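The same subunit A turns up in both complexes below, where it pairs with subunit B and then with subunit C.
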Partner chain A sequence: MEILAVRNLKKYYGSGESLIKAVDGISFSVEKGSFTAIVGTSGSGKTTLLNLIGGLDYADEGEVMIGGKSVLKMNDDERTVFRRRNIGFVFQNYNLISTLNIYKNITLPIRLDGNKPDGEYIRHICKTLGIEEKMESYPNQLSGGQQQRVAIARAIAAKPAVLLADEPTGNLDSRTGAEVMGLLKMTEKEFNQTIIMITHNEAIAQLADDIIHLEDGKLV
Partner chain B sequence: MNIDMSIMYRNSNTGIEKELAIEEYRAHKARNRMAVLAVTLTTILITLIFTVGLSLVRTVSLAVTAAPGPGADGNCVYGDEEVLEKVRALPQVDWAAHVKRCSSTYLHNREFAGVEVRLFAADKVHYEKNMVDLITGKYPEKENEILLSDTMSKRLGLEEEVGISYPLMVVVRENGEDVEKEISMNVCGYYNNPLRNVKEIYEEIYTDESFISVYNPELSSGRDIIYVKLNNLDFFRFGHDKYEKLEEVANASGASSSGYKMSDMSAVFIIPVFLIVFLVMLCGYFFIYNIFDISITNDIRFYGELKTIGMTSGQLRRMLFIQMNRIAWKGIAAGSLIGFGTGKIAGREIICSFAEGVKGYYQTAGVLEVFVLGAFFSWVTVYISTMKPFRAAGNISPVEAVRYRGKRKKGIFSILSFSLSGILFLAVYTLSIGYRVDVMRERYNETDFRISHKGSMWSLDEAYQPISRKLAEELAGFPFAENFRIYYQARTMPDYVEVDGEAAIYLSSTGEIGKNGEIARDVEAYNEGLKEEGAEKYYYGIRESERGNYQLEVLGMDAEYLTDEEKYFKVLEGELDEKKFASGNYMIYQRKQNGGRGITGEGGGYQVHAGDEVEISFYDADANRYVEKKFTVLAIIAEIDPFSTSNIQNANIILTDETFRSIYSGCEDYISKICFDGNGHISLEEEREEYEAIQKAIGEDGNLQLYFQSEYEDEMHFNEEKRIIGAIGMFIAGIVGLIGISNVMNTVATELSARRLEYAAMQSIGMTKRQMEMALFGQYARYVFSAVGLAAAVGAPLTYALGLNYQFTGFSLPEFLQALALLLVFSILLCGVMAHILTKAMNRKSVVERLREVA
Partner chain C sequence: MRKTGEGERADRIWKGGIGVMVMLLFMFFAAAVWLFWGGTDGNAQEVFPKLAILTLLSGAGNLGVLCGVYFAVAKEVNSTLEKLSDLAEDLTSAGNGKEREAFCPQEDTALSKLQGQLLKLYDMMRCYEVREQEMRRQLDENIGNLVHQINTPITNIGLYGGFLKREDLTREEREKFTCYIEAQAKKLSWLGEGFSKISRMETGIIRQRPERQDLLPVILEAVNQVMEKAVQKGMNIELTGEKHTFAMVDGKWTAEAIFNVLDNGVKYGNEGSSMEIQVTELTGYVCVAVRNYGIKIEKDEYHKVFKRFYRGKEAGKSEGVGLGLTIAREVLEGEKGYMKAETLWDGRTEFAMYFSKT
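This part shows the complex of A and B:
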C-alpha cells in the first residue's frame, strides 16, 4: 500500500541568474512498512526534499500525499498538527529538549496533542531500543548513540505514518552508527514503520530496502 | 641538558588578556547590547534618583521649614549698616542681605487680624537671594510705594492690581512712644511669596528705605535684620551647628544678637534618597548579574578550553573585567546624561506640579555631585554584579565546563528583581491611595477650630492684648459652635525685656511661684540636672524673675477637658482622675521638656512624685500678692504629642479653671485658647462658611495677637500632601518597575534564545505557534507570579510598618488588596504580551531556517 506519494515537487531559491533549483520536479512513491534511503552528495537537495515531505517547508510546485492527505495544501497549523500525528523526525543533531527527562522527551509529541501516552507501548519502545534504564535521565547525561535512540523512540512513540530521518548517523562513530541503523531496521520490522532516511553515505544506504539517488535536485 | 624550571612556570601570557578581551567583546554583540542597556538603565535611575532626590531634599526642606530669609535658611544677625559691612567682610559669609524695619511692630490693619504683617525696606541682595521675585510691577523706589505678595493680594482681593492706593496702619515711634498711624501707600508691584507655607500667620510688605526718614525717623536701627548665608556649616551635622557659627558672626561683627530657624529637616529626606538609591542598586545588581551569569554559562566551554591551553583563573577574570569596564563606562556615560537631564525636568515637574507650596523653593541638585555620585554607585553596582559570575568562570575546570549546566539563580534573581518593584508599588499605592485626609485632620486638630493667643506660645513685639470676653461670647453664640472650651494661662507683668532702650520684646505667658515649697525644690533639682547633663548652654532651665521667683507655665481648665487631653500625654506617675481633679484639691505637674532632644534634667537629687502634698506660692501680679495653695499631686505627666494638637502642651502646673480664677485676680485677661467644634462636617462648602464667619468675627474684634487654626485649612494642605506622596511614590515605583520587568524579559528572552533550536525541534515534531505562546506564557508566569507572591508576603508587613510613621495614616487592607489585584492584572498582561511578542519574533524565521542555524 502506498503511504507516501511525491508528485512533481519543486523548490527554488533566488531568481534570475542566481536561481537555485534545490528540488526540481521530483516524483516518487513509498510503500507502507518500507525503508527508503535518499542518497546524494552535499547540496543535492536531499534535506530540502525531506523538509518538504515533512511539511516543514513550502514547495513552489507539486504535491506531497501522506496517507492520502495532501500535506502542502494545509496551512501552517494544520500542517503542524498533521506532522505531530503522522510524521516522526529523527535529526542528525538529535534535537532533544535538554530540560526534559528522557521519558518526557519521548512522549512530547503525544502530550502536545493533548493525549495521554500509552505507558506500556512507550516502555516497549524503550526496551526495544535499549534505553529503558534511562527514563529519568537527561539528554546531557547520555552518549550520542543513546541520544539518537531516544530521538528514534520519540519519533515513533505517536505511531506515525512515516518516520523521516535526516542523516541519523551523521554525528556518530561508525560502530554506533551501525547500531543505530540496526535499530532503525528493527523499528521497521517490529512496528511496521515506514522509514525515509537521507544520507550521503552509500554504505549506510545499502541497509535500506529502496534507494533513491538525488543530484542537483533531480532523481537520477 | 638542564631545563630552566623557572621559565616553565613564569607567566608570560600578560598582555594577551586585553587582546582576548577585545576579541571576545566583539563576539558578544547581543550580550554587550543587553549589558550596556542594563547599566544605562541602572545609571539613569541612580542619577535620576540623585537629581530628583537631592533637589527634593533642598526644595522640601526649605519649603516645609521656611522661615523669613529662606535663602539664608533663616539665619540672621541683628544690626545696622555698620554691622552689615563687617558681616559682609567675613570669610564664612557667602552673602548678607539687609532688611530694615519700617514699623516698630507688625502692622495694625484690622483686615490683617490673625496674620503678622511686617513692613520692611530691603536691599537688592534680599530680593534676589531671599526669593522675593517680582510677578508684576516694580520694586519700591519711593517712600509711599509698597510691594505686596501674591498671597496677600489674594487675601485682600486686590487681584494683583498695580497702582492702587492702600492704607497701612503703621506703628511709628514718636517722642519715645509707639503710636499707631494710618499712612496711605501706593501698590507698585506684587511678588511671588517664598513663605507661602506660613502665609496664614506671617506676611511681609516692602517699601523703600526713604519711608523711615519720612514717616518713622525715631525708629532705631539696632534691630534691623541681616540675613546671613553661611558657607562653613558642616553638612553631616544637618544644621545643628548653625547656632555656634552664627554666634561667631555676631561676635565678629558686633551684631546685637542672632537668630535662626530651629528645625532642619534635611536629614529626614536625605536618608530616604540614599535608601532608594540602594534599592535601585539592588535592582540593577539583579539585572546585570543575570546578564553576565547567562553569558558566562553560554561560554563556559570556551573558558574551559582557555584554561586547557594555559590561561590562569586570574588572567581569565582580568579578561572579563576589561570587557565589564568597557560596558560599564559606556552605560554610565549614556545613563548619566539621560538621568540628569530627565531628572532636571521630571524633578521640577513633579515637585512643582503637585505642590504649590514648595514651588517657590525649587532648587536643582548640583551637576558635579549628581554625576560623581551617579557614576560611582553605578560602577560599584556593575562591579559587584559581575564578581560572582567572573569567579565562576575563573574557577571552572575544563572537564566541568563540558558538563556545565549553570545554576538556576538567574530565575531567582529575576523573581527578586520583579518582586522588589512589586513591593514598592504595593507600599506606595496603599499608603497614598489609603492616605486618609480625615485622619490627618483629626491628628492635628483636637477640635474643628482653635483660637490661640500668640503670647501664650511665643514672645510678642508689642504689649499684650488679651482675648476679649466679648469675642469669646460671640464665638460661643454661633449656631454651629459645639463643645465650646476656654483655657487660661497665667501671665505676669511686667512682661517685657528692653532692647536699645525700647520695650522691645514681650515675653510669652508665664506665671511665677515663690522659692518655697516642693515644686520650687523640684525646679532647682531640674536646673541642677541640666548642668550635670552639660546641657545648660543650649537648653534653658527654669528662669528666675526679677522678684526671685521661678517662672513656670500655669494653666487653668475645666476638669471635663481632661479626658480629651489625656491622649496627648504619657502619665509617668499617678492617674488622671477627672473627679479628683474637679475637686480643686489636686494639681497635675509636668516638668519642662526640651523638644524631645533627650534632655531630661533628671538628677539634682530631688523630684516631686504623684501623691505628694505640695505647697505653692503663686504670685498674682495684678494684685501684687502671693496666694498660697496646697495640693495633692494627682499625676506627673509628659507630653507625647508630636503634632502640637494638645491645648496643655508645655504647661508645668495644671489646675482647674476655678482654682486658677481664685489665684489670679486678673484671670479674665488670661484666656489663652478658645476651642470648639463646628456643626459636624456636612460639606466642605459649609465648613468654609463656618471658617469665614469665625475669621470675620476675629477680624472685627481687631486683636492682631490671635492665631486661628482650623481643620478646614488642614484639609487643603493634606490633600496636597496626598498628591505629593502618590506622585513621587508611583514615579519611583514605576522606574524601579522598569528594571524588574526588563530583568524578567531578558531572562526569558535569553532562555528562549538559548533554546531556539529546541523550540524549532518541538515545532518540527508538532508544537503549534499557539502552544509555543502558551509555553512561553507559562514560563513568564512562573517568574512573575512567584515575584507577585513574594511581593505580597513582604509588602504587607512592610507597608504596615511604614504606615505607622506619622507621615501616613496607617495600613488600609482594602487599598492593599486593590494594589495587589492591579499588580496581578498587570502581571498577567505582561506575561501575555511578552509571550506573544517572543513567539512572533521567534517565528519570523521558519522552522527549517532555525534548524539549519545550528546545523
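This part shows the complex of A and C:
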C-alpha cells in the first residue's frame, strides 16, 4: 500500500541569475512499512525535499500525499495537527527543548496531542538507544550524541505514519551511528514503521530497502 | 460528458414507440368520431369504407411503429451485449492493467451494477494473481536458498573425501577430516529436517529461534568450517576484540550466516592475506566485523552485494551463486540485527554484522 506519493514537486529559490532549483520536478512513491534512503551530496536538495514532504516548507508546484491526504493543500492549523499525528522528525541538530527534561522532551508530541505516553514502549526505545538513565537530565547536560538519541526516541515514541530522518547519524560516531541505524531498522520491522532517511553516506543508505539518488534537485 | 446508459436508451425507444402508437390510436378515434358526427350526414354507405380504410391505416401504422421499436430495441440490446462482451474481453485479455468502463458507473441501472460487480470480480482475481505471483517468487527463493544450503556441505564432504585419499596423511589428520565429514553430514541431515518446516513458511525464508548465548562458540564453529579453504589460499584468520559476548541469536543459522560471510571473504580475498574477525560490544548490539584485503566493493555496490544472485563486478571468476550474503542478511534481520558492507579507508573490505542483545 502506498503511504507517500510525491508528484512533480518543485521548489526554487532566488530568481534570474541566482535562481536555485533546490527541488526540480521530483516524483516518487513509498510503500507502507518500507525504509527508503534518499542519497545525495550536500546541496543536492535533499533537506529541502524532506522539509517539503514533512510540510515544513511551501512548494512552488506539485503535490505531496501522505496516507491519501495532500499535505500542501492544508492550511497551517490543519498541517500542524497532521504533522504531529503522522510525521516524526529527526533533525541533524537535535531540536530539543532545553527547559524540559529528557522524558518530557520525548513524550512532548504525545502529550501535545492529549494522549498518555506508552511507558513501556518508551522505556524500550530509551534502553535500546542507551539513554534510559538520562530521563531526569536536561538536554544541555548531555553530549551531542546523546541528544540526538533523545531526538530519535522522541520521533519514534509517537508511532508516526512516516518517520523523516535528516542525516540521523550525521553527528554521531560510528559506534553510536550503528546503534541508531539498528534501532531505525528495528522500528521498521517491528512496528511496520515507514521511514524516509536522507544521508550522504552510502554505507548507511544500504540498510534501507530502497535507495533514491538525488543530484541538483533531480532524481538520478 | 455524461454517457447515456444503454438501458436508459432502450427504455426511451420503447416508451417513445408506445407514445407514437397511443397517438395513432387517438388520431384513429378522433377521425372515427369526426366521420360519424362531423363532416358527413351520417350516411352509412359513405362512412363505412372510410372507416375501414382508417382502421387499416391505423393498424398498419401501429404495426410499423411496433416493428420499428422492436428492431431499435433489438439493435440496442445487441450493442449492449456487444459492449458487455467487449468489457469482459478487455478484462480477460488485460494483465496489462487496462480497465475500461463501458457503462456510466454512477448510474443506478442494472447494467452499471453488473459492470461494477464484474470489475470487483476482476479486482479480486487480480489480487489473487498478485498474491500467487508473490508466493511463487517466494517458493522459488526458498528452493534457491535450500539448494545453496545443501551444496555447501556436499562440496565440503567432497573436498575432505579428496583429502582422505592422500596416503601421506597422519592419523590425526585423517581423524580430523573424518570429523569434518561427519559434521557436514550432520549439517545435511539438519537441513533435511528443516526443509519441511521451511517449505511451510510463507513469508521469510528462515524463522530462527533466537536465544541469549555466547557468540564465541558460534563464531568458532563458522571459522572451523571455513578454515580448510582459508589454509588452501594461504590465509590466516585472526580473532580480535572482546572474547565472550552475549547476544540473542539462533546458533545454527547464525553460524551459517557467519560462515557465509567468512566464506565470501576467503573467496574474494587476496591469497596469503590475513582476515580479521573483530568482536565489539556496543550498547544494544554485538558487532562482528570481518575485514580483509581482496576485491573491493564500490560505493554503489554496497547494498547490491546482499541482493539475491548478485555477483560483484569483479567476482565473475570465483565460484558461488550469489546467495550466501543474502542468506546471512536474512538470518541477521530475523534476529533483529542487521549487516552492512563497506570498503574501509585502508582499502580492506568489511562486512559488519550487528547482533541484537535484546
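Convention: the second predicted complex is superposed on the first by the 213 of 220 C-alpha atoms of A that agree within 3 Å, B and C clash if a C-alpha of one lies under 4 Å from a C-alpha of the other, contacts with A are read in each partner's own complex, and residues count from 1 in each chain.
Basically, a residue touches a chain if its C-beta (ideal position, glycine included) is under 8 Å from a C-beta of that chain, and two chains touch if they have at least 3 such contacts.
Everything quoted here is computed from the prediction, not taken from an experiment.
After superposition onto subunit A, partners subunit B and subunit C are found to sit side by side with no clash. Shared-chain residue A:Met186: touches subunit C; no touch with subunit B.
For the combined arrangement built by superposing the two complexes, subunit A sits at the apex of an angle of 160 degrees to subunit B and subunit C, based on C-alpha centres and given in steps of 10. In the superposition on chain A, A:Met74 contacts neither subunit B nor subunit C. When the shared chain is aligned, no partner comes close enough to touch A:Leu219: not subunit B, not subunit C. When the two structures are aligned on the shared chain, A:Ile20 is found in touch with neither subunit B nor subunit C. Once the two complexes are overlaid on the shared chain, A:Lys127 sits against subunit C while remaining clear of subunit B. Partner contacting the larger number of subunit A residues, of subunit B and subunit C: B. When the two complexes are overlaid on their common chain A, residue A:Ala205 makes contact with subunit C while staying clear of subunit B. The overlay of the two complexes leaves subunit B and subunit C separated by a minimum Cα distance of 25 Å. No residue of subunit A contacts both subunit B in one complex and subunit C in the other.
Every residue of subunit A that touches subunit B in the complex is listed here, in rising order: 51, 54, 56-57, 76-77, 80-81, 83-85, 88-89, 91-93, 95-99, 108-109, 112-113, 140, 154-155. Residue ranges on subunit B touching subunit A, taken from their complex, read 403, 405, 755, 757-758, 760-771, 846-848, 851, 854-855. Within the complex formed with subunit C, the residues of subunit A that make contact are 127-130, 175, 178-179, 181-183, 185-186, 189-190, 202-208, 211.
Residues 280, 282-285, 287, 299-300, 302-303, 306, 333, 336-338, 340-342, 352, 354, 356, 358 of subunit C are the ones touching subunit A in the complex.
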